[in-house]
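Multiple structures are listed underneath, in structure tokens.
One chain, subunit A, appears in both complexes that follow, with subunit B as partner in the first and subunit C in the second.
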Partner chain A sequence: MMNFVFPNELRVTWTVMIVLYPYITGLVAGAFIVSSLYHVFGREELRPIARFSLASAFVFLLFAPLPLLMHLGHPERAFNIMITPHFTSAMAGFGYIYSAYLLVVVLELWFVLRSDFLARARGRGPVAWLCRSLVLFNLHESPATREADHRIVKFLAGLGIPMACTLHGYVGFLFGSLKANPWWSTPLMFVIFIFSAIVSGISVLIFHYFVVFWINRWKVNGACVRSLGRYLWGFMMVAVALELLEILSITYEQTDKTEVLNTLIRTKLFMSYVVLQFLVFSLVPFLMLAVHALFRVRERVAHALIWTSATMLLVQVLLMRWNVVVGGQLVSKSMRGFTSYFPGVWEKEGLLTAAIIFTMPFLILYVFHRIVPLFPDVDGRSKQP
Partner chain B sequence: MRSPSEPPESGPPPDYRHAYPVFLIMGGLLVVALAVRAWLVPETFGEFGYYRGAALDEAKVRTSRYLGRQACAECHDDVAALHAKDAHGSVECETCHGPGSAHVEDAENVLPRADRQQDCLVCHRRLDARPGSFPQIDRDEHFRLVGVTNAATACVRCHSGHEPLFMNKDLRTARLHPLIHACGDCHLGRQDQTLKQPAGHPQIFQCSYCHADVSASAAKAEHHAIACTTCHLFIKENAFSGRIVRDTDPRFCLLCHGQADFRSQDGPPLITWPGHLADVSEETPDPTRACVDCHQDQIHDLFEKEVSHGL
Partner chain C sequence: MGCDCAGMMTRREMIQRLVTGATGSLLVWTFPALAAEGEDPRDRPLYAYAVDTTRCIGCCACMRACRAENDVPDGCFRTWIERYRVRANGEVLVDVAAGDDHVFEEDPVPDTVKAFFVPKLCNHCEKSVCSQVCPVGATYETPEGVVLVDQKRCIGCGYCVQACPYGTRFIHPTKHYADKCTLCYHRISRGELPACVLACPKGVRIFGDLHDPESRLSTMLKQRRYRVLKPEMGTHPKCYYLDLDFEVV
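And now, the complex of A and B:
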């Protein structure tokens, strides 16, 4: 008698946690690139958001691996891959790239904020003591040290750009190199991930910047957000075009996988991929940002267009991550059919855990802002070098 | 903060001394990381291959938690005999009941009964990716078909895990039959998109190709919506053939027609057994009679060739 053993694909093993992992990693890469546009490429109009973007990159980077650890049954074993790495396991590479990138971001942030740490370190209380320890109890500051800080920041920001691209490109590689999965296995995946990361990073900065400024009733810097809006428009065009080209490539190649992937798009992913990701959350922001970039509109209208587009693009990139990570697992290894997945709210890898993980960087950023001002131009607490 | 792209302010050259401790700390962290790695890598790592060599010796002294069906049959020989002849004959006891070593050591460690819906659906839930020939159900559709009203009804209320189909013949010695292919075996849910005669396609063998008279008769009978292989159970044995059983045990018919408190009258006609024999017989009921002895015309006509096959 023959037993039935394969395929027995009852459940999707890479859950919403694995959706969140490339999403948060992407926010890091995008936010860092915005800060580098100011520090390296001298985009002066981005100065009001440069420090905030670097700090955002840092806090999102702290939380990027947390969804991965939440996904594991034995998270303490995760570090084994870095102790005894092997070429057959791509994940160790992410560990090294992540660690190196974290080092660069921490160093750059330290040199950017050193003057502010010194300003707070000269006071009294626990925050002052914390700041004194952060500057390694060296309270000396002069134009010469500030000049050194500027040069080091510029060097680290320049070094960080390829590292940011490598970090998120590597996350794309983790999916794109899995040749057993027809929905993931494409070299375009690396590039798509980099561009979608930049889109999500710029979007989260715009979203958060407006929210903070509206809450505090500060005056929004029009030149800065309009510049960010134009960058967002440019990067989202490339990202969405690449995503569409991937579909064109799959359809035109007509390989043995084409039929099942077309069915996947037409049935299981129709709502989340075709309708939401492309028709709603790509097309609408594209048109709104085009209106902002190509026509003269009043400042309030421009800000509304930019903020709404950024918020929608944040959702678009989340949908893209969902459609890639979950969509790829819905296809049976036999290429004959599909399974289904929707996360529960309360389970270990459910929606509540995802919401908590995604909220934590914002809370840390708030604490950060209480210690050193992230918007020195408007809140009046900063000592500008 | 001044943009680094701006020309430097006039003044003294940059003073990097405050940065030295930072880079020193970073360098120190790297050294510590390398030292920790050297300390954490197990001594026997790489002895035989890219793994911890001592793991082999540790694995050797471990005892198996799964003991196999022979261990179960030593005490539960009656259940083992039932189990071996029926459709679950190739499924190990511990697949449903879990590892049995603790139970063998101490009978007080009772194994789980495996009577939840999920225990059955893990294999039998309809999944397009599974071979169409494998028995699989959409629970709601299946319950509708057999008139079960409570969605929480356990599968074991009708199907015993040990004897799920009450086969009246031992499946291991049942008649050999060429492989039966139906379009749905491969094209589950997409049969309407399949070409009639696709080039290079494997030959399709449907029941009607060889048993045209029976198929034509079955198509007109009350059971016409039931697939032939529902009653003539076919279990694939190799790439060319399998075992086929005509299941005439009344308990098999009662899987659909048995009266039960969880069944409504909206489903198939329901009877009690063996009470039904007394209801329809004026003489002393014969408990050896099978349903098909009276209800053959509601299934399909019998023809000489099929009678000789015993199928």
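And now, the complex of A and C:
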């Protein structure tokens, strides 16, 4: 194939920040669904990680719009999306979907942590004062209030599942609905995004949980992580199968976009898509999780398999986001060639900015943990609602 | 009690009229289409564009005129010219005069059996997908059918750049809003021709009013064979290419 791109396509418009944005929203949706597996579906084995997963969803959600703001040419006009929305645009829904979901997550977290806030509110010092203000200076607590909190948490967790799917499915829809781009334009896109979100959310929880427990020398809850490992295996199989089905469909249909997309995969995306995303960061975790799920292995081995798989799948989903967002823009709309992109480190939307944005939720989570315990079972500071 | 204000409006009538007037104004302000109801859209011009691909010589005077008229930044293009060369074995080579001086490189291709130039610009689509996807309504269509960007409203998200099937949009590298061909709206609203049309020495670019059956554009479209780019996108472009080769996308 000859290489001709339209002259305005030589510069790639959506870069690292737009890769990071769906990645972070995916972590939110996935982490929230893990917490709901306990709160709504009663998966008791996930109780030790339920609060941590909800708090993780919350902090990642706080930072989800930041890459978008960094990307906008005029971030000072960002609120126009909500103040003067243009509803024929899918993007106009972002502010409302994000705000509604944030409200649900904040409320659920508040009800989950109310007992802890109350326990700390009775002390002295700035943290006690903060906790008093967080419970709106109402220090009354009884079995009846705890029961009411529990019921509300269950309701909000149930409500949050479709909202989490909407938030992330919507991100997939933003790409999938663009008919001008042959790599993005597929109705499967939003389904792929939802499943990859769940994979990345479970993965980040496993990764972070083990790191925190190893640092603190706490005993890892075997039943919890093995259950997470099995969920991860199931969801990653669906996510990867959907992505492969998409490629199969493109290849089999033999439409005008087949040649250009096959060339894209064989050349520009061969390393990041074929080798890294599928052969290394999908196949290896799949096999490791299969060993864990299908064979009897010692606990230490099982934990190593689960943690390594989760870490690799975190990278896999990041690669998937990269291959979708950047890969789609490498194809010229002339259908006669490809452009190139390599990320910078120091620029406004560069790798350093991305690293800082991605690190911030973990730091906030640490501060969070200093105020209210995220792992009450092991740290003994409070009871789980 | 007798009233000594015969012929004057009562307080009730005055309030009724005020409320009616305010409601009417609010409706007209909120839904301008209501105010325009009754106007025949054909009373207004419907601007469109045609490109006679059989006449272009690739001199790129249009590109230089566009850049000078609209202060187009380097490396970005509101219009450009593609050169197609088809070899005897069927291979198609395409390039653009993309340098700052907008001159095609002298690069002879052996066995060329067919060669032609195709100017490209925004298609000012009737169902413009860029207007559809703009989350703040910064991209809009004027009543004359010209697709424009409100630079003071654009947030620079780039969604329209992704959505345009023709690659005619870009984010301005220093002013950070979406930019593209405006058909020189500042000129055509004064009754002048777009800069590219004026600069073309061969009359390749034809600008006119589709609602005027006597316009050169309307006549051309009646008499000549033409097609639009990527009709399968359903955007209904208003840039018509006369005698366009099937190789062009």
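What we mean here is this: the second predicted complex is superposed on the first by the 374 of 385 C-alpha atoms of A that agree within 3 Å, B and C clash if a C-alpha of one lies under 4 Å from a C-alpha of the other, contacts with A are read in each partner's own complex, and residues count from 1 in each chain.
As a convention for this text, contacts are C-beta pairs under 8 Å (C-beta built on N, C-alpha and C of every residue); 3 or more make two chains touch, one makes a residue touch a chain.
What you see is a predicted model; the values in this text were computed from it and never measured.
Superposition model on subunit A: subunit B and subunit C are shown in a clashing arrangement. In the overlay built on the shared chain, the residue A:A92 is in contact with subunit C alone; subunit B does not reach it. Once the two complexes are overlaid on the shared chain, A:K179 sits against subunit C while remaining clear of subunit B. In the superposition on chain A, contact of A:R77 is made with subunit C only, not with subunit B.
In the superposed pair of complexes, A:R217 makes contact with neither subunit B nor subunit C. Once chain A of one complex is fitted onto chain A of the other, the partner contacts of A:S334 extend to both subunit B and subunit C. Residue contacts after overlaying the shared chain place A:R124 against neither subunit B nor subunit C. Residue contacts after overlaying the shared chain place A:L103 against subunit B, while subunit C stays out of touching range.
Touch counts on subunit A: comparing subunit C and subunit B, the chain ahead is B. Residue contacts after overlaying the shared chain place A:T13 against subunit C, while subunit B stays out of touching range. Taking chain A as the common frame, subunit B overlaps subunit C at a single listed stretch, which among 151-159, 223-231 or 295-303 is 223-231.
When both complexes are aligned on chain A by C-alpha atoms, subunit A residues 2, 4, 7-10, 84, 86, 332-334, 336 touch subunit B in the first and subunit C in the second. Listed in rising order, the residues of subunit A touching subunit C in the complex are 2, 4-11, 13-14, 68, 71-75, 77-78, 80-81, 84-86, 88-92, 94, 174, 178-181, 329, 332-336.
Residues of subunit C touching subunit A in their complex: 75-77, 80, 82, 91-96, 98, 120, 129, 131-137, 153-159, 161-173, 175-177, 233-234, 249. Of all residues in subunit B, only 1-6, 8-9, 11-19, 21-22, 25-26, 37, 40-41, 45, 50, 89-91, 122-123, 125, 127-131, 134, 171-172, 186, 188-189, 235-238, 242-243 touch subunit A in the complex they form.
For subunit A in complex with subunit B, the residues that touch the partner chain are 1-4, 7-10, 38-42, 44, 47, 50-51, 83-84, 86, 103, 107, 110-112, 114-115, 136, 138, 140, 142-145, 147-154, 157, 332-334, 336-339, 376, 384-385.
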